[in-house]
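Listed next: structures, encoded as structure tokens.
What follows is subunit A paired twice: with subunit B in the first complex and subunit C in the second.
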Partner chain A sequence: MARFVVRRLVGMVLVLFAVSVLTFLIFNVIPNGDPAVRMAGKNSTPAQIEQIRKEWHFDESLPQQYLFMMKQIFTGKLVSYSDQTNVWEQIRMGLPRTFALGIGAAILWMTLGILLGLYSAVKAGRISDRVLTVLALIGISMPVFWVGALMNYYLGYKLEWFPNGGYVEISEGGIGEWLYHLILPWTALAILFIGVYSRILRSNILDTINDDYVRTARAKGISERRVMTRHVLRNSLIPIVTLWGLDFGLVIAGGAVLTESVFDLQGVGQYFAEAIGRLDVPPVMAVTLLGAVFIVVLNTVVDIVYAVLDPRIRLG
Partner chain B sequence: MASTDSAATDFSDDLPAELAAEERRAPAGTGPWRIALRRLRRNKVALAFGVLFLALVAVSLAAPIWAEEVAHTTPYQNRIADTITIDGEERNIVEFDGVPIGPTWHGEYFLGADRNGRDVMVRLLYGGRNSLLIGIGASIITMVLATLLGLLSGYFGGWLDWVISRCFDVMWAFPVILLGVALGVSLNISGITIGPLELESGSLWIPTVIIGIAYVVYLARPIRGQVLALREKEFVEAARAQGMGPWRIMLTELLPNLASTLLVFFPLIVANAILLEAALSFLGAGVQPPEPSWGLMISEGIEFLTSAPHLTIAPGIMLVLTVLALNIFGEGVRDALDPRAKIRLEH
Partner chain C sequence: MSEPILEIDHLQVEFRTDEGVVHAVDDVSLTLAAGEVLAIVGESGSGKTVTAMSLLGLNRSPNATFRGSARYRGTQLLTASEDELRAIRGAEMAMIFQDPMTSLNPVQRIGDQIAEQILAHEKLTKAEVRDRVVELMDRVGIPRAAERARAYPHEFSGGMRQRVMIALALSCSPSVLIADEPTTALDVTIQAQILERLKELKDETGTAIILVTHDLGVVADIADRIAVMYGGRIVEEGTVDEIFYDPQHPYTWGLLGSITRVDRDRGERLPSIAGLPPSLLAPPEGCHFRARCPHEFERCGQVPPLEDRGAGHPDRCWLTVEQKRARRVVDDGEIGLAAKVAVEASPEGLVDRRETPPGAPSRVAGDAGAAEDARVAEEDR
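This part shows the complex of A and B:
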């Protein structure tokens, strides 16, 4: 077991190294104009441009530039090319917002996904199951930024039930205001996953419902409700829980960029979106790496948990 | 629980056990493809949505006809300072405060204008062409690359498998949307030339290639797994014993066995590729203006959501209809070919 964990951890570090090199190359090999010229502005002299080039190490070789950037990332000294703000400070400001969005949405989609999936499976084939299936399919077919924009327009602007975007810190407006501003973003982000999860759970339940151990449980004479919750649901939930870990990682690692932009939550995703518009490489680099760390760590945790539960995986 | 009669009208309620039972009922010698086709034909909902998708493709292909014969304009023609006459009333296409005209329900400006005085209906149809072209093109790239990599890595194994699998690990760790946006933005600034492949900035090929590559790993991994299992089967061993080379075995022995997986994935990948295109265009990293696409139109419309909501609603509805049609048809194909297939895509 220890060897398995060590192997996974080493793999994790190598993957992250590769991701950082790739992201760096995307911006430094694809010709996208001279960053020094961009930073100097329109009315700059060649001497000024040369000065900036030296100051920001643009005149060095690619590997040296890469090392310089990684050093800055790990010492927390990375600054944006466009406004010279410290990237880590910006990320630290955005991260609680992204987590607030991601955690809330994840709780919402897990709860509703399980409830609707279970209901659908119990009512399989009936009208209510059909309706839920159609709704789930519509849910997974809608772009989140479109749903978010329409919610903002109809529920926020027209009916004035909800605020028109923005994020309020708990310390500023209290828990009520915080919740009030997050309900729409949570819902918009969760819709897709509710659709996915309820359908996976439904088919898992329908698969296990005919298994031998379920029949045995029924034969023992326990109530149908207990068979469902204690035997069927418990086993059907395992794949959903692992999926939940991975999807949560994806949402934090960039899936939230669209939702944040539409609702103007000023999280890490929106920071990324705004930086890319200015071709500001350091924030893009940092956010992508952070996202990859999140995905890789959660993937590794899921793998290890799985290996603990199921020894066959370790051998594979 | 779904009865066998009702199974004819739903799209994924067929329980695996029922499907297996049905397979046994079919007369001996009925091929798996024929059984699948029969199942799909019975699935009226999936077929109806398949037809809806084809209709949407046809409508988008007819964009030039509508533009020339009905709307008398092009998707790029700006008419900011112009007026049009509707039911004898002369109206500004774009008001002085910048608010464009809403749907007229007439030939010209059927769905209204955008802020540049361009015909939304015409742009919607041309945008559909672009969105579908990118979605389908990207999916074909995904299919080809994933099949090739999956076959190579699964069949040869060894160091090649190791290298390809580690590349998959890296791709897997990349947040798809961040990778897409980073590539899209930098490629669109000055384009790129890689050997014979020349991508000009603003070219539709840029989002197509990016999306095509982004989904490779989602398909290549299951294919590799299948090849690993198939490689040990007797018929492959027999082919090897006959002296068949590895390339011929891959092409004539393994590829036909992968066909059903590829078919199951294809419509669902197209659906997700169209959604990813919309997301990239929304963030400015996909289709570049003035070229229209549904995602870009939504992004341009959101600014005017309060004064001209039709700009956001119309392309969104087309997008949702297209993706929904593909998803439902795709599920029908999956249920017909391989009801237990586990598919995971992200957009």
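This part shows the complex of A and C:
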């Protein structure tokens, strides 16, 4: 176990190196990406641009520039090229919002995914199962920015049932307002996953239900409910739980970009999206690396949880 | 023998499938006395597993139809409610399944899986259940039982897992133990150990056993009576001695001839019955064994009733006792079925099994994979 974690941490360092080099290079080859020109503004003289280039180390070689940026990232001194604010400060402000969105949506999609998947499996082949299948496919096919925009427009702007985007801190508006502002984003983000999870769980259950050990369980004389929960559902959920960890990591590490932007939640995702729009490399680098760290850590946690849930799995 | 505790009367089981209705069990009547060992023998797809599963209602489904009667100490098993069946399952009648590798839940500890059954039927404290589990595991011959109870199924070998299944089945001291091919998935030395253990446990506990198997060699040592099944019907029933020394049905002769023996010459082909079992989707008229039987005559177009034709035990073959005794091949002290001439054997293009490559389908409808098997057999024609 300890060896496993250490190996994953070493792996993480390699991943971070690769991701950072790649991101750095991509932004260097993008046309019109010269930060000095952009920072100097429209009416600048070549001399001013040269001045900025020197000040910000843009005149040095690529490896040196990379090292300089990494140093700033790890010392917390990284600042944005476009507004000179400290990147970590900005991320720290956005992180609670991103987590509020991601955790809430993850709970929502897991709960509904399990309920609908179980119901669908129990009613397999009947009308209600087919209706749910169609609904799940529709849910999977709708892009989040589109659903989000529709919800925002009809439920928020037109009907005024919900606020038209925005985020309210619990400390400011209380838990009621906080929830009220998050319901639409949670739903928009969760719809896709509810569809996917319910479908996966449905087929897992239908596979498991025919397994020999389920027949053994029935032959024991335990109640059908216990057969379903302790044997069928328990075993069908194992892959779902691990998937959940991975998807949650993806959402936090960037999957929420669209949702945050559509609902103007001002989280890390939206910050990231805006930075890309301005070709502002430092925030992009920082958020990308943070996302990578998050994904590697969650992957490790998922693997450990998997080994706990299924004793046949050995960590190695 | 004492009063029968289990009486199966004219049991018929049918499954509706996409390809049609599978007549898995056709008019099976059997009785089981307390403490008796009854072996049900037949090829895969002969309906023996379906018969066994029907007793516990484990194959109930909207597509299954059960007719006739199966009575356990006054309870009509075929029409019993799920609650009534649940009280019987595990406590009164327990079942050991064929494949110990897949019959245990892979993510639960062995001890917990046994405890689950005990707790379903008896009110005991945690400590009492734990003691019972360890005692059971000890009794079926699992070393270091207390420690092994905390292990998971994948940490057990096949033979040990089958011992766990036996411990599970015995955990509530059932009156009837149904063992469905308990040794088929195990290698030969382990087979002998498991059978020996079953026999000892039967003597200790007085549990009646229904032993379902395709291997006559397995039953000789342990069974009191044998019912031979073919194509969903019982074709012959008698004591072990009657079946082994005075078999009446040509199918039984074939089964007896197919027992593998170590003292046979290596160069010889393993004896087998030519042809394939009948499709239970569209069973042949009359005797189901007709197509493979070298002694077929006009009368075989009618279904022969299961009755004593003078041999002292019942069978389903129209031949007279004298004809049977004269025709069954006694070769080197062994009884066998003279193979039907290949051309004659293939009126519908039936395949001579001796020419079939290894792994070719030899099963037809009846088990869980009934529909698929039936299709495979169709394609084979």
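One rule holds in what follows: the second predicted complex is superposed on the first by the 293 of 316 C-alpha atoms of A that agree within 3 Å, B and C clash if a C-alpha of one lies under 4 Å from a C-alpha of the other, contacts with A are read in each partner's own complex, and residues count from 1 in each chain.
Rule of thumb we're sticking to: a contact is a pair of C-beta atoms (placed from the backbone, for glycine too) under 8 Å apart; a residue touches a chain by one contact, two chains touch by 3 or more.
This is a predicted model, so every value here is computed, not measured.
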Subunit A: partner with more touched residues, subunit B or subunit C: B
Partner chain in contact with A:221 - subunit B first, subunit C second, else both or neither: second
Touched partner set for A:234, first subunit B, second subunit C, both or neither: second
Touching partner for A:198 - first (subunit B), second (subunit C), both, neither: neither
Which superposed partner A:82 touches (first subunit B, second subunit C, both, neither): neither
Partner chain in contact with A:211 - subunit B first, subunit C second, else both or neither: second
Doubly contacted subunit A residues - partners subunit C and subunit B: none
In the complex, subunit C residues that touch subunit A: 56, 58, 82, 85-91, 94-95, 97, 99, 102-107, 116-117, 120-121, 152, 154, 165, 168
Residues on subunit A engaged by subunit B in the complex (per definition of touch): 11, 14-16, 18-19, 22-23, 26-27, 30-33, 124-125, 129-130, 133, 137-138, 140-143, 145-146, 149-150, 152-153, 157, 199, 203, 206-207, 210, 243, 250, 253-255, 257-258, 261-262, 272-273, 276-277, 279, 284, 287-288, 291-292, 295-296, 299
Residues of subunit B defined as touching subunit A within the complex: 1-3, 6, 10-13, 15-17, 166, 169-170, 172-179, 181-183, 185-187, 189-190, 192, 271, 275, 278-279, 282-285, 295, 298-299, 302, 305-306, 309, 312-313, 316, 319-320, 323-324, 327-328, 331, 344, 346
Subunit C-facing residues of subunit A, complex: 211-213, 215-224, 226, 230-231, 234-235, 238, 309-312
